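Got a structure for you, questions after.
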Amino acid sequence: QDKVTIFAAASLTNAITDIAAQYEKEQAVQIQTSFASSSTLAKQIEKGAPADIFISADTKWMSYLQDKTLLKADSRVNLLGNQLVLIAPKNKAFKVEMDKSFNIAGAFSGKLCTGELESVPVGIYAKQSLKNLNWWDTVKMRIVGTQDVRAALVFVERGECDAGIVYATDAKVSNKVEVLSAFPDTSHDLIVYPLALVKTASPAATGFYDYLKSEKAKAIFIKYGFTINLL
Amino acid sequence: MLDILRFTPSEISILALSLKVALFCVVLILVPAVVVAWVLARKSFFGKSLLDSLVHLPLVLPPVVPGFLLLLLLGNQGLIGKYLHNIFGISLAFTWMGAVVASAVMAFPLMVRSARLAISQVDKGLEIAAQSLGAHPLKVFFTITLPLSMPGIITGLILAFSRSLGEFGATITFVGNIENETRTLPLAIYSYTQIPDGDLPALRLVILSMALALGALMISDRLERKANQNIGRHHD
Amino acid sequence: MIEVQARLKRKNFELDASVQLSQRVTAIYGPSGAGKSTLLSIIAGITQPDSGRIVIDGECLFDSQARINKPIHQRKIGLVFQEGRLFPHLTVEHNLSYALNFTPVQNQQFQLKQIVALLELGPLLKQRPHQLSGGEKQRVALGRALLSSPRLLMLDEPLASLDDRLKNQILPFLKLVSTEINIPMIYISHSKKEIMQITDNLIDIQHGKVNCHL
Amino acid sequence: MLDILRFTPSEISILALSLKVALFCVVLILVPAVVVAWVLARKSFFGKSLLDSLVHLPLVLPPVVPGFLLLLLLGNQGLIGKYLHNIFGISLAFTWMGAVVASAVMAFPLMVRSARLAISQVDKGLEIAAQSLGAHPLKVFFTITLPLSMPGIITGLILAFSRSLGEFGATITFVGNIENETRTLPLAIYSYTQIPDGDLPALRLVILSMALALGALMISDRLERKANQNIGRHHD
Amino acid sequence: MIEVQARLKRKNFELDASVQLSQRVTAIYGPSGAGKSTLLSIIAGITQPDSGRIVIDGECLFDSQARINKPIHQRKIGLVFQEGRLFPHLTVEHNLSYALNFTPVQNQQFQLKQIVALLELGPLLKQRPHQLSGGEKQRVALGRALLSSPRLLMLDEPLASLDDRLKNQILPFLKLVSTEINIPMIYISHSKKEIMQITDNLIDIQHGKVNCHL
């Protein structure tokens, strides 16, 4: 039986697990998954990890591999998109306007949680948006960086942070937070999850690679809140 | 080549923060760990296994889990943290003191085990001799048991200090990654590993960590040698 | 007045003691393995007998029926152990003065200087136990016990590694301790000659059996 | 309520994998750790401080760093791993054996420190006595030093085993998070923290970890008690 | 024929020994702290003198000028330590037979049974050292040293805690060992009476000074 190994960013854990299970039912192929942060996965692939397919949570790490010509030529596509949203704990919602004139600092008390600003993708997008909205200077002292987007979500869910910036996919599945507003797509770089075949990918991998782009997979991605319009 | 050793003020301040957190960590756990170690080494009681495994728990779980539990308990909205915050005005979440607590929890089992090992090796005949001279058991503990288990306590301290210097998962989960407040060396190193060009700056911080650890080791080795000499045992 | 009744069963050994001592100094005498050290450690509270009763000067230290068992440090019995048991982390001086830290001055029966002079420990005060010769260790142990100002002194072969000169110097002093300063003494030795120098009150213990009222 | 304790086959297989990795880990480090501990406890030589800090290093760094270094060294393209792979056909990267190596590296300092403490407390007078009976120093080590430091070695084993059970950062960095191969309990717990509604399944795995640790602790306590009795020391 | 020249300086103590022993049995006699144990441990290779030379039966064990220093385990000197030093993790039986494991059968001068009977250790074989009385420990230490079939036996107050009956039983045996089985012996004791029973070759050591050719 053929085996296909996919390395995917941890935020895709549910969706990829579901899609793999469905694919295994249809095809006589075993899908092996490994979920970790995009950076870890990219470095592992660089060092010869037996990955066939890679989905990164940002473009940087995909480009990192592409620059080292470790990807199969022309296999890179922007598979998924996501939205950046401002959230608050369920009973602590406040009004916001995504506008430069809005006094964000006065709108909530306490901390604002998001991914670490320099290294974690969601934090990098968040910083761009905050700067674009001219909110950065007034809130930067109150920002708490986290290891990944899920950790930021937890802080808001627990009420430790009164506001947070996460992906729409994360906010959607939590019933303990409220989405206050989505950041305009123009306030930050496009959020994309690139997909590619690793150079050493087995022939069987192409089938699953194609399946990831199919309508069936799309349905599952949408179910978890991703956007597909970039495909 | 040696340019890599010219550290920036921001790197130095990360180092200073790490050092502060690690030092407070060992100070915080020293007394409780020795007490628990003594209890585990010398007493038998119902629930001892439970206490034992509770102490070891942080070692056994992925560090995120203790970090998450700390958040549940000691966060500003946490079960206990709520009162700390409202009544005493102490806030552990997102502060360096929280980082101290997180690494203390992770280092605690190491400290306890070392101290326990040393205490259980202390010759009871000497404790009995001290008692026969009229020393109250507490007096015996402080004048006989404790000094004689000093090498183990120092071992515990260096393990705890090292563990605290390296603590990542529980810290970032409990107090986040906030510059000048909770961004210790491991958190800063981790951040650099997350960006494509981060290898070099990460390496610089790794070197700083190593230097700190080396310094601590040298001090602890000297202390341990002295402690061993004090109790009539020699290194060489 | 010391009254001891004790029974203890070990695998290869059974102790059955009933002694009543009204003399200042009593010597316990018996072959190796007879149970001399065991009896001492029962009186001191280190070993708990299976059953029995220990009363010193009317104060009950142990009674298996009444469930009385005073802890070692409250018994005020000075011990010189057969194996020395000096504190390895303390200098000779601090070993000697250990008990002085928590003995009220008015209860102190000896001065450090006095004991150091008697036992010729002056040059050794700064040394640690592992730097002492066998006989030196025994002298320090003896001094340490005396300085704890006990109401009863029990010595387990305290002079075994001492040469004749030192023996002859210390024995009279021990006698003095027991008569002048009023510390009763139980003295263990396998040397009849040594014992005779210090007392005529001999208790003979054989195979753990002793029944004697002096 | 007790439903939470009815574990699924997949949970059991994660448990089995973790147990396998942790057991191989302690077996792997036992001998080298005791040797290094003995050297550090008894010998003085040039470079001793360096060896000492090298041993402690994995403790001091965020686990990602040792994990990454392992990838550089022992990955299939790594400096050493290349040869392992090409010549011996051994592949550590992304296999459970790699997970063993990752947790071995992290657990090594704990094992060394405990064993070292115990060895340095062994009465040299006894070793000398054995030598005077004609025993070669190696014989002395195996018949005197080793048995007398057994309590410390057992302490080291339980610390190493626990650390291995809880190892996350180095493992995921070196061998990834692959089901049935490298997804040990901590990695599985992490995976659940990455998905919504993952709290309950994560909790179930936390309970499994605790059970495993409790079992190991109980065994080690019994062994330690016996070892202490063997050398004439008692717990109570 | 044993030739020892050694100098050693410690803080409060200076050893300056020059002895030449051609007798089977030699006793070293001297007050506490005179340096008896130190001299023994220099001969055994445990303590290294500042300078000196040790030759036994023509074989040089130590020579500070020629930089010879045989390790302890190759010197084949049986030791009975003043403090016993029994292996706490081994039973009496295994303490006794420790050396038998690595002594070739043809070199074994005694049988375990023989030693056990002589020293009356039969009932204690399964016990551990911490379960022994003081005198029992000394007997085990003696038996252990004998069973290592040494070419020289050095005893540091081996009978200090033994009662007269056992002493009188073991002393003749030690004599026998030295004459019949041809093991030379150095015997330390502070008891002149004890020493006289075993040999007339006395070496007196005072304040670390000894200069004697027997």
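As written, the chains take the letters A, B, C, D and E, and residue 1 is the first residue of each chain.
To be clear about the criterion, a residue touches a chain if its C-beta (ideal position, glycine included) is under 8 Å from a C-beta of that chain, and two chains touch if they have at least 3 such contacts.
The UniProt protein names, listed by chain, are B, D = Molybdenum transport system permease; C, E = ABC transporter related protein.
All figures in this text were calculated on a predicted structure; none of them were measured in a lab.
Peer 1: Show me the overlap between the contact partners of chain A and those of chain C.
Peer 2: Common neighbours, chain A/chain C: B.
Peer 1: Expressed in ° and rounded to a multiple of 5, what is the rotation angle of the C-alpha superposition of chain C on chain E?
Peer 2: 180
Peer 1: Suppose chain centres are the mean of their C-alpha atoms. Which chain sits farthest from chain E?
Peer 2: A
Peer 1: Distance between chain C and chain E based on Cα centroids, please, to the nearest Å.
Peer 2: Going by mean C-alpha positions, chain C sits 30 Å from chain E.
Peer 1: Determine the centre-to-centre distance between chain D and chain E, using the mean Cα coordinates as centres, and give it in whole Å.
Peer 2: For chain D versus chain E, the centre distance works out to 45 Å.
Peer 1: What's the distance between the Cα centroids of chain B and chain E, rounded to whole Å?
Peer 2: Taking the mean C-alpha position of each chain, the two centres sit 49 Å apart.
Peer 1: Distance from the CA centroid of chain B to that of chain D, rounded to the nearest Å?
Peer 2: Here chain B and chain D have centroids separated by 19 Å.
Peer 1: Of all residues in chain B, which are in touch with two or more distinct other chains?
Peer 2: Residues 68, 169, 190, 193 of chain B touch two or more partner chains.
Peer 1: Multi-chain contacts only, two chains or more: what residues does chain C have there?
Peer 2: 83
Peer 1: Spell out, as numbers or ranges, the residues of chain A touching 2 or more other chains.
Peer 2: Chain A, residues with two or more chain partners: not present.
Peer 1: Which chains touch, pair by pair?
Peer 2: Result for touching pairs of chains: A-B, A-D, B-C, B-D, C-E, D-E.
Peer 1: In the complex, go through chain D and note every residue touching chain A.
Peer 2: Listed in rising order, the residues are 64, 68, 71-72, 75-78, 93-94, 172-173, 176-179, 181-182, 190-191, 193-197.
Peer 1: For chain A, which residues count as touching chain B in their complex?
Peer 2: 37, 39, 42, 60-61, 63-64, 111, 113, 116, 118-120, 143-147, 151, 154-155, 158-160
Peer 1: Considering the complex alone, what residue numbers of chain E touch chain C?
Peer 2: Against chain C, the touching part of chain E is residues 11-12, 30-33, 36-38, 82-83, 123-124, 127, 131, 133-136, 139, 156-157, 160-166, 190-192.
Peer 1: Could you pull out which chain D residues touch chain E in their complex?
Peer 2: Contacts found on chain D: 125-126, 128-137, 139-140, 143-144, 147-148, 230-232.
Peer 1: In the complex of these two chains, what residues of chain D are touching chain B?
Peer 2: 41-44, 49, 52-53, 56-65, 68, 109-110, 113-114, 116-118, 120-121, 123-124, 151-152, 155, 158-159, 162-163, 165-166, 168-169, 185-187, 189-190, 193, 202, 206, 209-210, 212-214, 217-218, 221, 224, 228, 233-236
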